[in-house]
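What follows is one structure encoded as structure tokens, with my remarks underneath.
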Amino acid sequence: MTDLLHDARVSRGRFLRMMGGLAAAAAVTACSTRPETTATTGSGAATELKFIGVADQKAAMDKLAAAYQQAKPSVRITPSYAPTDQVQTSLRTQLGAGNAPDLHVVYPGNGSAMSMTQIAGAGLLADLSAQAWTKTIPAGFKPAFQLDGKTYIFSAGSSVIGAVYNKKVFEQAGVEAPPATWSEFLALCDKLKKAGVVPIALGAQTPWVTQLITYALVPSTVYAKDPTFDDKQLAGQASFADSGWRQAMEMYLELQKRGFFNDKPNGTTFEQQTAMVATGKAAMAIQVSAVLPDFRKAASSPDDLSMFPLPGADDANSVWIPAGVVVGLGASAKGKNAEEAKAFIDFLGKQENINAWAKEIAAIPLTQDSSSTIDPAVESFLPFTKDRAVPFMDQRWPNAEVQPVHFAVIQELLAGDSTIDEALKKMDEAYRK
Amino acid sequence: MTLLTARRTRPAHAGRRRRFGGRFNPETPPWLFAAPALVVYALVVLYPAVSGVVYAFTDWSGIGQDMSFVGLANFRTLLADEQAMGSIGNTLLLTVAIVVVQNGVGLLLALGVHARLKSRALLRVVFFSPVVVSPVMVAFLWKYIYNPDPSAGLNGLLGLRVDWLGDPSVALWSIAGMVVWQYAGYSMVIFLAGLEGVPRELHEAAMIDGAGTFQRFRYVTWPLLAPAVTINLMLSTIGGLKLFDQVFAATNGGPGYATETLSTVLYKQAFVFGKFGYSTAIALVLALFVAAVSLVQVYYLRGREVSA
Amino acid sequence: MRRTFLLEIVMIAVAVAFLFPVYTLVSLSLKDPGQIAQSPLAPPNPPTFGNFTTAWSAAALGPSLVNSTVITVVSLVALIALGSFAAYFLARVRSRLGYGLYILFLLGIVLPFQLGMIPLYELVTDLGLIGTHAGMILFYTGIQLPFTVFLYTGFIRALPREYAGAAQIDGASHLTAFTRVVFPLLRPITGTVLILNAVFIWNDFFTPLVYLGGSGYETIPVSVFAYVGQYVSQHGLVFAGLVLGALPIVVVFLALQRYVIKGFSSGLKG
């Protein structure tokens, strides 16, 4: 044994020496590259709040975090962003191991593994109910924010689903006013098709895009007729198969049958869908208003794009729209900085900050004052938001399995591999799991 | 019993072997050589995996304190789970396609750039370059290439009208193509390491004996490539069976469930549906499955090495 | 001579086909969103270098490059040192126990990563290594050891025992025999081990996201993917960041290949 150690010292090969040198060099670099946080806030009194969010929150969150640190220098927010799927995986790992970040992304309502109901239900979200802004949450949005009457998530507002359209293409095809009924909408598509453009770009290769047309139609085909559909469905008194969901699916497939979509929607991605509308190859896309910034970047001029509600009924008065609370954030219930984290959320709840966040993502602010700005593209939705709007459907679904099943059955329907009966049956089965 | 029985008798060293044969008594190195590796490995891989297995027998959602033991219920669920069982077929098809094509292409590339070409250093970099790009990004990039529009991407380039990722009967093969493009260079590098170990004198001697290119490959190169072949086949098989990033980023299992693999199913159960316990049960079954396939492969490869 | 020339032509043609997606990546990185929407695969006209400057400054690629380098280099050193020693033992040992140990290492390649994910995260938290380079280095060393041991063992077994034996007859210890005689002979496979592990560690996205997210020690993929959103992404920046991030590995590979090629043609020239 001693021999071995002795040998180790004297006969180390050139390679090992080189490796040792590299390791030492790396260690030195490691020491010299410590982030400045520890150095500048050297007093030790500063609180670091770790935030994990999705990339879509980056622009708004970075701005407001900077503003907060300005106002309260004793707090430092260290954010980290990633694509949605990876955030979901990494957050669930951290939550599962009992080491939640102080602040993290939360999806409103229920229906996904990172949704307020699921995480708060596991006791992992701090109760925000004492904060002033929670008193002004509009009644229709309460299920998105609250579980058993307590508020667990902050969100800056809502986004809507409708038709994002290219104004130039509409002008060239001689379209004057956006359609107010389903028949007018079909006539519009016909006109666009005859003008030689693809009426509706559909990027169904990207799973979440598949659901948007159903979501845009269901408020009119289901909720306009029965606003309490969600409660009945939860109570087991209603189902997808025996409701306006069937009609919505039929309308979806009618658009395909009439050739209003681009060729091969199942192979077309969200990025390609965006490009088609932005460059005028297609006239519109049924999309959520949150994509407007990206559509505008891709267009030759940002003013080329606007939106109108997709009319899902033949009586203009029974047209309803989907308006969902946008992805928000919550504070960890058990973190050692829970109070500081809640204080930051309280700051976000101030009207000017709600306005700032909403503006960054083209959303309708949760509450509005005179300085609130609303993206001109979504103005046509405002008459609906008061009493003819319903949250995105998944936000009231009892588990996270229904939504992925919805994605899959739509792709199967578009591929002609399934029937509406089978599709709705699968969704009902997933709902009851 | 040895797993990798590479042939130790090299013709070129036959003389030396005889010289030392009588006196050299092969001693094994001390255990201490393996100890540090074992400690780190046990800490980072074995201990967490063993403690993780427990979840397979629970109904844990993945977060929170609620958890109860459910015995073998998760495994019974798996047997009745059409989606999970259906994904096994996709997993196998994808694996076979990847193993065959990736290693075939990898070997040809390795032989090509092992020859004394002027541009061989550069060519190696070119063939290896896809390995360097992160798998998630490769999938993202290939979605541009797999644009179904006949005037764009690969369709435009080759004058085709294929719905690469949207046609349920094509999507799986499109993913395989993307993976082969990315990892052919990976196999190439391992084959090259084997080829570099084939002494050139052997080739020269064979050439003097009048052996043709194919004969030299068959009787000189191929037998000595045995360790590289074994390593490549095993790594690509295991990699294919566990393939996740590329499938998830390219199609997320779609269209419908056409490209769902065991890895995407177990991922979704854990992180999308919040059924961590069930997901762990699938992971355990996958691990046993991969282990079994690897074992079968080892037996086959040993046979090949003996007959070579 | 003519056949070599022909082979060269064929290989270059194959290389051009291989490079098509790489060309796509580089060309996308040189376009603004409007150009990407218009014609994603056409040559950038005119090329926009803004993506690279934005990626460098906005995504803080400088510090990320340092983090990635430190984590990758130290992990590689540990992997090669621990892995080659262990493999030498495993390739030479003849007991049942030794074989069992080898199988135990191989198990690490087979296990799905998800199995131990949460217990491992708890362990790293308990060790106080979340958000540190050390935590990542420990993770990569452990997780890549099976692969490293597998590659080394296969090649050491193919080496004639006599090489080490010759040294030992001269009275050298196992350690000397290994470092002086065996390890240098492993140069081709060490190059392979180095580059394949380097690529994995350099590109790994998920673990650094979980362990380093929000710590200020983010690696390149973590910094770059922060710009990939569901609704809104900065594709140009992401592509440029990935091109910048991939360059160091390409350079290392080029250097390594030249070294390996040179080493052999000069060493074994008959």
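Should a chain be cited, it is by its letter among A, B and C, assigned in written order, with residues numbered from 1 in that chain.
Here is the rule we go by: a contact is a pair of C-beta atoms (placed from the backbone, for glycine too) under 8 Å apart; a residue touches a chain by one contact, two chains touch by 3 or more.
This structure is a prediction, so every number in the text was calculated from the model and none was measured.
Colleague: Of all the other chains, whose mean CA position lies farthest from chain B?
Modeller: A
Colleague: When the contacting C-beta pairs are counted for B-C and for A-C, which pair yields the higher total?
Modeller: B-C
Colleague: Could you put a whole-Å number on the gap between the CA centroids of chain A and chain C?
Modeller: Once rounded, the distance between the two centres reads 34 Å.
Colleague: With chain centres defined as C-alpha means, what is the inter-centre distance between chain B and chain C in Å?
Modeller: Their C-alpha centroids are separated by 15 Å.
Colleague: Could you list the positions in chain A whose residues touch two or more of the other chains?
Modeller: Residues 4, 89, 96, 271 of chain A touch two or more partner chains.
Colleague: Could you check chain B for residues that touch two or more other chains and list them?
Modeller: Counting only residues that touch two or more other chains, chain B contributes 30, 62, 144, 147, 267, 270, 276.
Colleague: By residue number and range, which residues of chain C touch two or more other chains?
Modeller: In chain C, the residues touching two or more other chains are 40, 78, 117-118, 174, 205, 225.
Colleague: Okay, in this complex, where on chain B does chain C touch?
Modeller: Against chain C, chain B makes touches at 1-8, 10, 13, 16-17, 20, 23-24, 26-31, 33-34, 36-38, 40-41, 43-53, 55, 62, 109, 112-113, 115-121, 123-138, 141-142, 144-145, 147, 152-153, 156-157, 181, 186, 189-190, 192-194, 196-197, 199-201, 204, 224, 226-228, 230-231, 234-235, 238, 242, 263, 266-267, 270, 276, 279-280, 283-284, 286-287, 290-291, 294.
Colleague: Which part of chain C faces chain A closely enough to touch in the complex?
Modeller: Contact set of chain C toward chain A: 33-34, 36-38, 40, 63, 66-67, 69-70, 73-74, 77-78, 80-81, 117-118, 121-122, 125, 130, 133, 172-176, 179-180, 183-184, 205-206, 209-210, 213-218, 222, 225-233, 235.
Colleague: Going by the contact rule set out above, which residues of chain A touch chain B in the complex?
Modeller: 4, 85, 88-89, 92, 95-96, 112-113, 118-119, 121-124, 204-205, 207, 263-269, 271-272, 399-401, 404, 407-409, 411-412, 414-415, 417-418
Colleague: Inside the complex, what are the residues of chain A that reach chain C?
Modeller: 3-4, 7-8, 11-13, 15-16, 19-20, 22-23, 25-27, 29-30, 33, 35, 37, 50-52, 54-56, 58-59, 78-84, 86, 89-90, 93-94, 96-99, 101, 208, 271, 274-275, 278-279, 288, 290-291, 293-294, 297-300, 361
Colleague: Inside the complex, what are the residues of chain C that reach chain B?
Modeller: 4, 7-8, 10-12, 14-15, 18-22, 24-25, 28, 40-41, 78, 82-83, 85-86, 88-90, 92-95, 98-99, 101-112, 114-120, 123, 138-139, 141-143, 145-147, 149-151, 153-155, 157-158, 160-162, 165-166, 168-169, 174, 178, 188-189, 191-192, 195-196, 199, 202-203, 205, 221, 225, 238, 242, 246, 249-250, 253-254, 257-258, 260-261, 264, 268-270
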